[in-house]
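Think of it as A, B, C, D, E and F in the order they're written, each chain with its own count starting at 1.
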């Protein structure tokens, strides 16, 4: 089992509508350290899970849709629900099709799994993991 | 698959009775960086695995039973057996029932897994993972 | 020369009015990792610069005035000028009098310097340093 | 499930023959932070997965065969294929037999898994995981 | 006193001619984590030491002259003398004129100091500090 | 101005006699991450502050006098006064003469300063700085 990981970060504002979140109902923000990993059972023709630079580019493109944003106004998080868990899920679900549309020799060999981990502070983080569509063999 | 993680630390003294441990048979100590993660297949009604603040509180309460202690005198580690692995297991087994007794909308949705990772130095760590009792549905 | 350091963090929203800041003119946010250090030439009667717990408490109290806030509405940063440098300066200038009003045997011996360093992302940080008022000898 | 982890590092030179790697076709190098973990379902007679010092020694011995080397000349990576993934696999496959030949009370109880994670920069890493031969019971 | 810091990294190959360096006489390599700080007594008109993005760009441009290189062939390090200290000095001396040629409202206010710190492994680092030319007032 | 830094760690037990320290009056312990830096105005004949391996060896030798010890019984900290500040001072004062007795071409060029920083937990640290004796020119 091989895993490749790359990291980046975003800076966003948000708040929560749900009284469950106490002071985080107020408009505040976060720097999210983002760790993206791709796991495969075997390597591709270039002896890698996929190219590190290409993976970093995919991550940056997807993160750019959130970076320097107020997530309270973002369609993906209706009713101010941009919890760290939902953010990780959103990012993973945006990244998966980007990886699936890569040319066969540049994409991670299937079957593959994807994980997005978000560090919201030095003492808290959350992640979401999904399987890449198994349609195209590795 | 979602994972939520929080961290804290404790400072303890201990020694090992077993000659297997060489110089660590002498009374010494450690700062343990503690990383607690909870893994669930789905999120609860508040779009989270559980509240970060509540999880940090549970961790702190359980850690308080060991913090600033000499573990050689602690009933959970008879015959001076407080290895990092046994400490991680002890903490996980103390934390699990605390999570299980949370109100349904505050607890992690079942099935859930729990992991406690202890960093004893910049170059060594150990962890223990267990499943939360599946009695109460998520 | 002795230095004592403690860390904590805050999560805030803000934006910048100045077009100089490009995309950061949009409302966004940050988790600031905060590192507070106090430097003295000698130690006090308890063989420390000052008590770690007391220093963490002072830091937390001052940070609580910013935590989970939208700094665009904070009086200390008129015209949306809450740059990392200004935040570090603001925090240092709030912390200094708190240290100066501590009882003599709990305060850092004079002369003393104070520094606040803010980590805004994995790749950027800023700090501000000032001297504690020298009125009371150490 | 228990996991024990230890870390170390190596400094190597290498290049890639495959045009896929762009500028990394040029001779360059890397410091690899190396994290070795061993996972077991139960602990051995000493209340540990295995001795931390022994695990660090095994890791150091295997790393010494690569440290301060030009991997372009290393037999394990023919045609300049020392990608981070292949390096992790090579190290894991060298470490596994070393653990398997340890005396029964010093080896990790079977079944056991082994993982080698290599951090090549602050923003990229890769790992390889394998199962230890199940021949000898734990 | 204000300080602004940014980080990046490079991956290089090199060796040392001097027998003083033992095994590092062999061709090997390193990932250098690079931390660049600029220190000023006051802030510029935008309430910052200088723009973080601009500082990161200067750092990247200068690092690009070394990244993915074999430093044994680099003119700045004759006779294979690219020690971490000499690398830090070289980078600082390349970065200083880049900062000095920035437009007045984009440059760090004078007087200013510059420091380049290079982390060569988890256990070793070196830095070099110099003063920016004081010709142009801040 | 050049700085060279190396790191290591120790694991010790201790307690404090002074009621000022609250729960830390109980026997507990710490892992101290230790960062040793040497600062010089110029480099020696080998283009370095001093050899990294030699500096790490000096640090290890001095740390070995405390590692896996109960500091309550150590002569350097009478009446249970082994605060982090006193530990940093003790280590710096032990390391200085070791550096001063190195052969001229292996020692840091004078004048030189030495700093020992101890990280006692993820949220607290202390350091002590002293000047190396200026008797021998660099």
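Definition applied: contacts are C-beta pairs under 8 Å (C-beta built on N, C-alpha and C of every residue); 3 or more make two chains touch, one makes a residue touch a chain.
From a predicted model like this one, the values you see are computed outputs, not experimental measurements.
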Taking all residue numbers used at the subunit B/subunit D interface, answer same if over half belong to both copies and different if under half do. different
Cα superposition of subunit B on its sequence copy subunit F - rotation in ° rounded to nearest 5: 180
From the options D-E, B-F or C-F, choose the one that repeats interface C-E, i.e. more than half of its residue-numbered contact pairs are shared. C-F
Could you find the chain whose CA centre sits the greatest distance from that of subunit D? C
Distance from subunit F to subunit E - Cα centre to Cα centre, in angstrom: 27
If you average the CA atoms of subunit D and of subunit F, how many Å lie between those two points? 32
Using mean CA coordinates as chain centres, what's the subunit A-subunit F distance in Å? 42
Among subunit A residues, those touching two or more other chains are 7, 122-123
So in the complex, which bits of subunit E are touching subunit C? 1-8, 43, 46-49, 51-53, 56
Quick one: in the complex, what on subunit F touches subunit B? 7, 9, 11-14, 23-24, 26-33, 67-70, 120-123
Interfacial residue positions of subunit C with respect to subunit E in the complex: 18, 20-22, 81, 83-86, 88-89, 117, 122-130
